[in-house]
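Below: a set of structures, written as structure tokens.
Two complexes follow with subunit A in common, the first pairing it with subunit B and the second with subunit C.
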Partner chain A sequence: MRFATTQGEMLRCLDMVGRAVANRDVNPILTGIYLECENGRLTVRATDSEIGIEACTSVESDQPGKVVVEAKYFLPLVRRLPGGDVFVQELPEHQMLEIRAGTGSFRFQTMAADQFPALAAAEPKPLLRMPSQIAVRMIRQTVYAAQKDQGHSVFGGVLMEYADGELRFVATDTSRLCFNRAAVPNGENFKMILPARTCVELQRLLPSNPDSMLEIASLGSQVLFRLETEDVILVSRLLEGQYPDYTRVIPSQTDTEILASCSELISALERAELMGKKGPAIVTLSVEEGIMKLESRDVELGEANESLSIEQKGPSVTSAFQVRFLLDMLKTTDSDKVRMGLSSGLSPGMIRPVDDDDYIYVLMPVRVI
Partner chain B sequence: MSPIIVLEETIANKIAAGEVVERPASVVKELVENSLDAGADSIDIEIREGGKEYIRVVDNGRGIPSDEVPLAFERHATSKIRSADDLFRIVTLGFRGEALPSIAAVSELEMVTRPEESPMGTLIAFSGGRRTRLESVGAPAGTAVTVKRLFFNTPARYKFLNQAASERRYVYDIVGRLALANPEVRFRLVSDGEEIFVTPGDGNMEAVIWSIYGSRVGKYLVPVYRESGHVVISGYICRPEIHRGNRQAETFIVNGRVVESSLLASAMEKGYQTMLPRRRYPIGVLTLTLDPSKIDVNVHPTKREIRLSDSSEVYKQVLLAVKHALEISIPFDPWAFPGSDETSQDADQPGFVQETLEPPIVKERSAAAVSYATSRRETESPTVHRHSSAGLSPEVPPRRTLSDAVPSQCGAAGTSPARHWASHRIIGQFQATYILVEADRELLLIDQHVAHERILYEGFLAELQTSSVKTQPLLVPLHLELGPAAAARVIEWSRKLAELGFEVEQFGVKDCLVRSVPVGLTSIAVKDLEELLLGIIAAGETSDYRHNALVLMACKGAVKAGEELTPAAMQDLVDSLLSTKNPFTCPHGRPVIVRLALDDIHRRFGRR
Partner chain C sequence: MATIMHVDMDSFFAAVEQRDNPELRGKPVIVGGTRDSKRGVVSTCSYEARKYGVHSAMPIAQAVKLCPHGIFIPGDHKKYAAVSGQIRSVFYRFSPVVEIVSIDEAFLDMTGCEHLYGSLEDLGRAIKEQIYETVSLTASVGIGPNKFIAKLASDYRKPDGLVVVRPEEVWDWLAQFPVKKVWGIGQKTAEILASWQIYTIADLRRCRRETLVERFGKYGDTLYQLARGIDPRPVEPESETKSLGRETTFETDISALPKLRQVLAELSAEVGYRLRRHGLWARTITVKLRYHDFTTITRSASLPEPVNNDDDIFSTACQLLVKNAGSRPVRLLGIYVSQLTSFGQASLFSDPRREELARVMDELNTRHGRRVIYKGRQLPLDSGGK
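Up next is the complex of A and B:
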């Protein structure tokens, strides 16, 4: 294998796949980065068997071939190389990969490239094609509600569903739920549960470029995302199991609807959040005559009280919530104002951006017994 | 049927002896108590063969005038009470008038006694209860009693004695307890020619503990003092790093009398709750001073058990005294890692491990004293913290004495021990499991999981105690597939679980739905929740379910070992930990913080 490219292009590819490198050497080959060159095309790949990422770029090449080098050292080297041309050459007789840049020349031991797994046996037909930007927003507005580090439970994932011409993302940790949707034409119906980490990694790869397009395809127990313009694919295992019926969870209406400034609410809640020395901070929201009072207290610490003026539709109402749950949603809202639906008793509350019916957040109040 | 006859006195005495004299240790106890009642301030006890062959107790007390000597060996002869009313105002140790005749009945006893004011002493000797000698002799002031061949005339009793080694242990135990009860009296115990311990007799109980238990225990002592209503509790307990497999090292002294009381023992253990591993017991000496009319000691002839008229109040006060003492104490032996072996440490770092603090009084502990200490240690599990004595650093406040523990520290009780560090700074995370913290002149290693457990435990406990358990109802109820038996048990427990913040309901025959969980456990995984509920029920069926439940809840809710934490998360965790009441042990009793003093680190690097 022999090719020439630039340091910048090489680093771009490596940075994209770097996060998929296995950090524990369960299988030593997976701590490596796979490089393959064929027909002037360089493929860089890494996988930890949960997710795999592959990035491609055009290079000048006169010898095809493939090698695996240890990511932990190869990646930092490329990052530290001077900008400009980079020449890469395999030295099969030494089982080495040589990199030359500027006046420097570096050699790395290689591993057996045959043993490095492929990400997808065949190129599957896409189920849906959509602007990347939509996916960026939908992931940002759902993934936080998934349970953290919950292994294989469906609650540790994000439901991704396509039906009736719209793509829906849903996440819940059982106490609160995020629902997000976007109209995307011309897709085939599907329903998959993505591990939260997959969403985070995908979000990181997705560019903000408005022209960028994302394709979603199924590989049976895995999902494949392709970023066309960037020539990158991400393959991930899916979570198995029955996702709860989210439609039954979203209330059709609430007793009282209020309209509040998002930034005011966020700063008031951030102050209230401090009253959580022993356990998560809880805020009681009391809505009466256009005023929302926020109260939180901690037995050992003290209390916080403040009022916000809001627009109120419906009767007075009081509900208590975990502060963090409110903040999680408000901080992902792009609007200046939010609509908050509250009901008395133990009915769930609901928050939506003022001008957006596609983002719905449902959360259960806290009860003190 | 045989006719009823009045027993011959010697037989009656033998029977009575059975009540008072069970084994050599009880002889020693009776004789030492007589010495104490005689106002002795120095008592020498010598035994051979565990006391089976030879017991000698020599005191410098008042002695018995020669005309009263024979009387001392008549049953119910006592100088200590005059009427039944006096029984309720007992302040002396022995009073039943049974001890001397009972012992004389089953041994060869010889007593030499002289009151200070008499020119001559008296010698009286018995063999199997029959007087063999009574004569005037020259003698030092005080009383010396020698008991030989105990139970020689009651072979059945003799047969029931254990091997010398275990009889010896009983004697050590009782003399130790009596010495603890009387720190103003110098005790010297010799066994088969070897000195086991000598107490200074200067009234300092801490010094007595050092003498008896050695420096390993001595260095971990925490003073206890509490005064409330009609109870005054004082003494010393050992920090939870050191514990025992049995209750032998729990000593209670009520109005000067060493007593056995399961009530007091369980109060003391309760005070340690969550700090000791399961089935491990504390080491401690507590002195209780109560109005004598509130206790009845005449329950058992050996007077070891007592009855308290106000038991629940005493229980509560002992518990609080122990709890507060531990809360304001701090562990300070940084190199004493659990499981590390004392002797090998000593051998490996001869220059490093050295005795920096001698027991305050005892100058030289003989080999026998060491072997005594060793024989006690053998009962301890290998998880006990071994003590390498170099840990005492000047930064650590010196061990407090009882006197300065009295008012100021009781006032401080209940406040967090975090005040021991003026400032702290997170250095980082080691192995995604331990948080390294710089705190004043110490390096702290904090186990992130147990630290979080301690925080959550106190949070849950505070909610439960203030009846403000916060529960998070679930939007999506969690479905537990338990099987019929387990599901039925969970439902049986549903009311108790609800108190803790779990709302469960039946779902079919085999399944349960969990409708809400405690706020601190929001977003718990189904698998963990299932384990937790079944764990609470299983643990609750044997003992106090609330405590066990909180421990389990804290464990499930806590960050795991191996989880990488952001600097902010570490800061949060450490801040919260240091504001807990007891940041040093987790609710299971494991240590949370290991402290390395700068001076010790310097010493390791040969800087001083």
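Up next is the complex of A and C:
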């Protein structure tokens, strides 16, 4: 294998796949990065067997071939190389990969490339094609509600389903639920649960470029995302299990409807959040006569009280929530006003952007004695 | 008879400042605000400043008048707290039962450990020495049969004092003090007593219990006892609940999982009941197992949100049990909950009737003072499941 490219282009590809490299050496080959050169095309690949990422770019090449080098050292080297041309050459007799840039020359031991797994075990079955921007928004507005560190439970994932020309993302940790939808024409119906990490990595790869297109394809027990414009694919395993019936927990109506300024609410809640020395900060929202009172206290610290003027439809109501749960949603809202639905007792509350019915947030109150 | 030690640091904040800045030594140092602070009050002053009549809680402006050449320092509470922490660690070398009264004073219950240091005087000297070695500051120590006497004793020969009052000396020693030294007597009570011509504790002893109760209510009774050197208040260590649990040792070792599961259900119900009674929820569930050979293990699981329902506690504990029991005979089984919070996050998917059920069951069991209603899984297996 022999090719020439630039340091910038090489680093761009490596950075994209770098996050898929396995941390622990369960299978030592997976701590490596796979490089393959064929017909003037360089493919860079990494996988930890949960997710795999592959990025491609055009290079000048006169010898095809493939190698695997240890990611932990190879990636930092490329990052530290001077900008400009980079020449990469396999030295099969030494089982080495040589990289030359500027006056420097570096050699890395290689691993057996034919042992590096392919990303897709089956032929991909295309399901849906959509603008990347829509996926970026939908992930941003759901993934935070998935349970952290609950790798194998369905609550540690994001439900992605497509039916009747509508793509839906749902995430819940059982305390709150995010629902997000977008109209996307011409797709095959499907339903799958993505690990939250897959969504985060996909979000990181997706460009904000409005022309960029994303293709979703099924690989049976895996899913494949293809970033067409960027020539990148991400393959991920899916979570197994039954996703709970989320339609059941979205309230059809609440006792009281409130219209509030999103930025004012965020500022007030960020102050209330400081009353969380002993445990997560809790805020009690009391709505009465167009005023929302926010009260929070911490037994070891003190208390915070403030009032916001809001528009109120319906009776007075009081409910307590974890401050973080409210902030999580409000900070992902693009509107400057939100509609908040509250009910008394232990009924769920609901938050939506003012002019957008595609983003719904349902959250359960806390019981405070 | 109890032995209580009261340790009081001598003009603590001022002493720390003098320790760290040799130029301040031997000078009147007043901590609480700068000379021109309008609203500040004296929080501590050195003994040199006290000679001018300056005392704590006095407005700074007044202190400036009394002691114009005094050195006024706003004070560094972070530093004092750090020093206080070092002193605290000395206390725990002497006794596990320590009641921290404030940043510069504490009670230690030394009952039963009196003679580890020789005499009571030796004990007092030992703690004073260790405090001095640790933070280079002097403390005044009082030792007596209760908190009231110990505190009075530590105050008796300040600074750097050590006063031991033995039970048999209490009666005579106490007689001399003005009534204002009695715990709970402030300006107002002292004035009432003065109007009865009662100025000292000896005078106070002439009052009949009924007279005191009639005038001061319940506190009158306390007053009657304190005048006689009787004070039943215990030394109370910091008492925040960090965890709670329940364990049981079997009469004969058990290896059968169904039986262990039934006992675990019982323990879960007791722990859940206590959590709900205290208005607490727990994030971490721990199962403790002692096997027949006395090897003991604890296994914990943390939940995404805190729980206090028997079902949640039991199902988490049961998973831990199944992983660690079933083959070896078990002597002791216990369940503990920790990471306690005072709120419970409601769940979108759980049946709200579950909470209601727990509430009604708790109410019934509380009202009857014993368990009258419980879940089937708690039923002893040998009862035939009926």
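Brief remarks on what is shown
Note that the second predicted complex is superposed on the first by the 365 of 369 C-alpha atoms of A that agree within 3 Å, B and C clash if a C-alpha of one lies under 4 Å from a C-alpha of the other, contacts with A are read in each partner's own complex, and residues count from 1 in each chain.
Heads up, the rule we're going with is that a contact is a pair of C-beta atoms (placed from the backbone, for glycine too) under 8 Å apart; a residue touches a chain by one contact, two chains touch by 3 or more.
Source: prediction; values computed, not measured.
Aligning the shared subunit A places subunit B and subunit C in steric conflict. Using the contact criterion defined above for the overlaid structures, shared-chain residue A:Met96 touches neither subunit B nor subunit C, since it reaches no partner. In the superposed pair of complexes, A:Leu346 makes contact with subunit B and with subunit C alike.
Set side by side, subunit B and subunit C differ in how many residues of subunit A they touch, and the one touching more is B.
When both complexes are overlaid on chain A, the residue A:Val362 reaches subunit B and subunit C alike.
Using the contact criterion defined above for the overlaid structures, shared-chain residue A:Cys56 touches neither subunit B nor subunit C, since it reaches no partner.
In the superposition on chain A, A:Leu127 makes contact with neither subunit B nor subunit C. Contacts of A:Ser175 after superposition on the shared chain: both subunit B and subunit C are touched.
After overlaying the two complexes on the shared chain, residue contacts for A:Pro244 are found with subunit B and with subunit C alike. Note: residues 147-148, 150, 155, 172-177, 244, 249, 279-280, 282, 299, 322, 346, 348, 362, 364-369 of subunit A belong to the subunit B contact set and to the subunit C contact set alike, using the contact criterion stated above.
The touching residues of subunit A, counted against subunit C in their complex, run 147-148, 150, 155, 172-177, 244, 249, 279-280, 282, 299, 320, 322, 346, 348, 362, 364-369. Across the interface of their complex, subunit B is touched by residues 147-151, 153, 155-156, 172-177, 244, 249, 277-280, 282, 299-300, 322, 346, 348, 362-369 of subunit A.
On subunit B, the positions that touch subunit A within their shared complex are 455-456, 458-460, 462-463, 466, 468-478, 498-499, 501, 516, 519-520, 522-523, 525-527, 563, 576, 579.
Those residues of subunit C lying in contact with subunit A across their complex are 279, 304-305, 341-350, 352, 355.
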